[in-house]
Amino acid sequence: MSSTLGTLFKVTTFGESHGKGVGAIVDGCPPGMALTEADIQPQLSRRRPGQSDLATPRQETDQVVIYSGTESGRTLGTPIMLLINNKDQRPRDYSEMSRIPRPSHADFTYQMKYGIRASSGGGRSSARETIGRVAAGAIAEKWLRETYGTEIVAWVSAVGDIESPEMDIERITRAEVDRQIVRCPDSAASGRMEALIREVLAAKDSIGGILTCVCRNVPVGLGEPVFDKLEARLAQAMLSLPATKGFEIGSGFAGTRMRGSRHNDLFVRKADRLGTKTNYSGGVQGGISNGEPVVFRVAFKPVATIGLDQETVDFDGDSVTLAAKGRHDPCVVPRAAPIVEAMAALVLADMALRQHVRQPVASP
Amino acid sequence: MSSTLGTLFKVTTFGESHGKGVGAIVDGCPPGMALTEADIQPQLSRRRPGQSDLATPRQETDQVVIYSGTESGRTLGTPIMLLINNKDQRPRDYSEMSRIPRPSHADFTYQMKYGIRASSGGGRSSARETIGRVAAGAIAEKWLRETYGTEIVAWVSAVGDIESPEMDIERITRAEVDRQIVRCPDSAASGRMEALIREVLAAKDSIGGILTCVCRNVPVGLGEPVFDKLEARLAQAMLSLPATKGFEIGSGFAGTRMRGSRHNDLFVRKADRLGTKTNYSGGVQGGISNGEPVVFRVAFKPVATIGLDQETVDFDGDSVTLAAKGRHDPCVVPRAAPIVEAMAALVLADMALRQHVRQPVASP
Amino acid sequence: MSSTLGTLFKVTTFGESHGKGVGAIVDGCPPGMALTEADIQPQLSRRRPGQSDLATPRQETDQVVIYSGTESGRTLGTPIMLLINNKDQRPRDYSEMSRIPRPSHADFTYQMKYGIRASSGGGRSSARETIGRVAAGAIAEKWLRETYGTEIVAWVSAVGDIESPEMDIERITRAEVDRQIVRCPDSAASGRMEALIREVLAAKDSIGGILTCVCRNVPVGLGEPVFDKLEARLAQAMLSLPATKGFEIGSGFAGTRMRGSRHNDLFVRKADRLGTKTNYSGGVQGGISNGEPVVFRVAFKPVATIGLDQETVDFDGDSVTLAAKGRHDPCVVPRAAPIVEAMAALVLADMALRQHVRQPVASP
Amino acid sequence: MSSTLGTLFKVTTFGESHGKGVGAIVDGCPPGMALTEADIQPQLSRRRPGQSDLATPRQETDQVVIYSGTESGRTLGTPIMLLINNKDQRPRDYSEMSRIPRPSHADFTYQMKYGIRASSGGGRSSARETIGRVAAGAIAEKWLRETYGTEIVAWVSAVGDIESPEMDIERITRAEVDRQIVRCPDSAASGRMEALIREVLAAKDSIGGILTCVCRNVPVGLGEPVFDKLEARLAQAMLSLPATKGFEIGSGFAGTRMRGSRHNDLFVRKADRLGTKTNYSGGVQGGISNGEPVVFRVAFKPVATIGLDQETVDFDGDSVTLAAKGRHDPCVVPRAAPIVEAMAALVLADMALRQHVRQPVASP
């Protein structure tokens, strides 16, 4: 297990889906910042299942409680423990699962790696594992916003083969994103995405999608070459999320088809700083933020839990037919927006503190 | 700076392109393995510039010397210091660069981050920075091969809009890859790629491309959820390379357009183990290797150094026209193959040692 | 803040004395080990205040609850979150403290470091901070015992100038230690220590002391030169405890007065292994355990909170007289025994897993 | 192996005594500092053997070369590789050693841990291993001195049972220390120490000793509770040195015999800050520096290599008589002064950068 992320702004998460609770410890949050549960709850609520009839109806209220690290509503600079109790602690009937590794789930690999696995609900590979990340990310984001004016917005830019048109990354807001049930701010594309998800749901199947995320007002200088380049740590953070299969920043894979004469971001004077005319770099050059918006995309595979029959084998290698019971999210991307935002905030906060070291020292 | 990668198999790199030398310390290589310079040199030679008339003619012999950590040709389990002297230590004439940040290079961001930068050749953002990685990776790869029979092969699967057909990932070898000057093993595609690179070179421009990499005989169980999932650490490793803009594993971005019923990798009995019928997962489920080949792709942008005039501004914001002098690689992907392989080996070796911890203890 | 210890067996602690709770996350505990709260509670109870009339009567039941990382009483290999709710969450009246930094407490340094501090009870510098360590240490100890038969026993070897005679480190048990109220297993010395503590208590003063700790059945080979030598990590662990001022292993400071001819531990054949005739090394040579008992001593200063008047200054530098109200431990060492044992267990478990990596790999 | 120390100011050392060279990579040194070999050489020369007829006559010139991380005599903020070539790379005749583990050396434990060991000269447990530390420490010290005016001075306060009188820790300088061949600045004590060392040398024996170290002008606020308290990291650093057996800070073990009413350091107004009347805390309260001098002591055991016959056993358990040939240091403490200073500097620089993070951010 490796449940700790970050060098100076550190988060350590815990919790299985059917244990007593899930959550995180945030160690390294700067002292003196106003912080109560109300600052954290909104992103947890955006992540919560049951927000629409498109998503799993599992009722999780996911109320966060701060156990340490604050006093009188201010951070002390000490570890902040965030606990979200699980409502449903009774293992459901997973007896069938115990002998059949679900295809494209983590049952097989957890069993092989640990020699044991949570009998129910996916354990640490479950979507509930992301709750601690979202709670911790809300703290990171608040600090970034108050310190640098940083804004982080993720939205659904594709569901299956339906793609959103380009958004105005300088202006897009979470309010616009949340206006649409699928969290794609373009209403036409959003409608078609919704229809596709309903179709897939009716077919007891699932579908993948893409999230795009922009981080504005990221200070120049974040990222620690060579192994902790900003895009490297963002890529790690995103690929550590369940169901992700790809990450690209700026021009990404499309940029491989471009020529340097077009791809190079020429410098221009912008107000009080040097900026670039284009932003194929995605806000990062040489692994370090350059002051332009940081823009990246994350690929999510279709949900592995489907209602259709699947011909597979059990742990003994014997043929079985498996079909998930109950209802499940047919498409994970709408709920993944706050999760992607949280991971971006955690990486940026850590990188900001690491660059903070290089500020001139106050006189001895 | 963050120049150390890995938890148990650790590499720390050093060196600027015009300093005395570049290299790495490998700490954590298991003791007792046969190791001499001859085990390391081949990958350095594959990385070296000047291998063909397509690449920069800068002559770098890049001879590695082992300074510590071995005795009588065996590793001691102690830090292995690998030094490659720079042949050309004289800064070339970079005076123009000192006041003009090259577009899509790291000049601007290094200057802003550190308040100082190497006057010449890109410092740590230079391609020479990868030499230490390749040398260290060769050690990791040797250990993986001898311990698990692991084979790692990377090849050029796209240059610009020319794509290679699918390769047989179970069989492709480095010998096949090296048979073609552009390191795309399909000779038809390879020919067209070569033509495109020559065209771009003649136009004083540059072009991007994609590398695909397969790792065979990766033992089941590698990857440390949740933040050090195998694909997360591979993504970090690849995005920490100069000029990379994207990473995808298994089905990647294309997988987002698939339905779960097709994308799920059904289990089948395979010889002495459970395997999967398809491999959209790319050899990783729940962040842990499942015994199938690990397959991923890395996007490289077009080289930023081009001979064409570029209208940009200097550090003061004043307009200037910039054109690179001398010759440069118009396309980085052929030489990037051994670098991608090295990074994969470093990640896998670290993950293998971390999983090694979970082996049963010999009786007390 | 740096609240995480360990590389493979990792503990992260949290909690202020007057927040909602204290505890720890243990990440990296091997999977499949039987574990319930009953395995942890005994050491917490040995640490608890109010065990005798010599100690602070603050009533803390300190009941631990496992929130994650186990199922059906077995560890899953995932993070184990241990929570101990605080009974007394109301800040007492600490208004006087808010303007007066208590001498030899952490009030001044926390305020200067963080620009803010817990208004009450010491925050993270409070003795309650050690609860998470003890809970985590109990898990480490159980694993060591079941895997290697390791036994860890700490006892009070000095209170003020009263010293215990040498104990038989091969045989001493916790039961013997706990037979005496001051946890010095020699009854004569124990009686005099108790009398001294009562005298100091009556005088509203405090007194320091020394704990000796032995770890038996530590496998050969633990410790990672050069910076994580076993004694180096033990020293860090012990000096990270509140009120500690010194650490010595084996011959320690007394060894500086010896000649090599006497101090050298000559090898002898012992049953199935090489052992040493004497053990001035304290079970460690070259930073690596040698199979002999690991023996070390930890110095604890007199408790800083005393009832006597102290002439000091407030944060503005103005003279004030300060005297602690209420009752406090006049001597910390009896309760420190389980804390020292916990820290030893955490270091040894981490080192054991790190050495575990070097076991031969099962065939590919 | 664990050859990396520090979180932000990181040093990674390498090298065996009879390999090609020894040295270190310093990663995280702030950019823009003037730095050439001349800044590093003096401490290496103070560490070098052969400085007097009391020490081993092995001739090591130990010339350091900076391979990376600087340009035009200024640090770039990138990894600084420091290489010191070994003059004597030919393994001496160590054939006898190969079957006899030297008592109180690391031969036995290295062999058991790694299954292999350097056939000659101690490998990583050799005194030469400290060269990389001293070189790296010189850089840390220069940065501390230029940034905070920090001064670090270590001296010999005991050889065997001969103790130096208390020194004036506010004023003692390296020049005074170096005036005496044994590096005890009190000339009377120094004379007796020298006589004792000569006596021990004549007897083919060895003797231990104690170094005291003071760090002046350490800024308030260094140290990261709870596991990286300043004294905890100093203790780790010192106990990671070869031959050390103990560490104490401030009152140390003697403080355990004091009462709180005397031991508490009362606050007083001092020029522009709060200080303490006494300094039993040793400059650290709650794990954080308080602005008073940081004072600690390190115990070194008698050198294990002695010329006298020793009755021991070989790896097979058969009795043998062993006597070291050639000349060896009979007492390590005089040469250890710059090594202790280096380790202190490395810890303080890392902690200073970590506290640096908490400076107010320049306006967004």
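Note that the chains are named A, B, C and D in the order they appear, and that numbering of residues resets to 1 at the start of each chain.
What we mean here is this: contacts are C-beta pairs under 8 Å (C-beta built on N, C-alpha and C of every residue); 3 or more make two chains touch, one makes a residue touch a chain.
Not measured: the values here are computed from a predicted model.
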- Note on the structure: Between C-D and A-D, more C-beta pairs in contact link C-D
- Chain pair equivalent in interface to B-D, over half of contacts matched, among A-B, B-C or A-C: A-C
- Message: For chain A versus chain D, what separation do you get between their C-alpha means, in angstrom?
- Response: 45
- Query: When the centre of a chain is set as the mean of its C-alpha atoms, what distance in Å lies between chain A and chain C?
  - Reply: 38
- CA centroids of chain C and chain D: separation to the nearest Å works out as 26
- Which residues belonging to chain C are in contact with no fewer than two other chains? 1-4, 7, 13, 31, 77-78, 113-115, 124, 225, 354, 358
- Flag every residue of chain C that touches chain B in the complex, lowest number first. 7-8, 30-31, 77-78, 147-149, 217, 219, 225, 353-354, 356-359, 361-362, 364
- Query: Contact residues on chain B for chain A in the complex?
  - Reply: 1-5, 7, 13, 101, 103-106, 108-110, 112-115, 124-125, 129, 158, 160-161, 200, 203, 205-210, 220-221, 223-229, 231-240, 242, 244-253, 255-261, 263-269, 274, 276, 280-282, 284-290, 299-306, 308, 310-313, 315, 317, 354-355, 358
- chain D contact footprint on chain B (complex, rising order): 1-4, 10, 12-16, 19-23, 25, 27-28, 31-32, 65-72, 74-81, 83, 113-119, 123-124
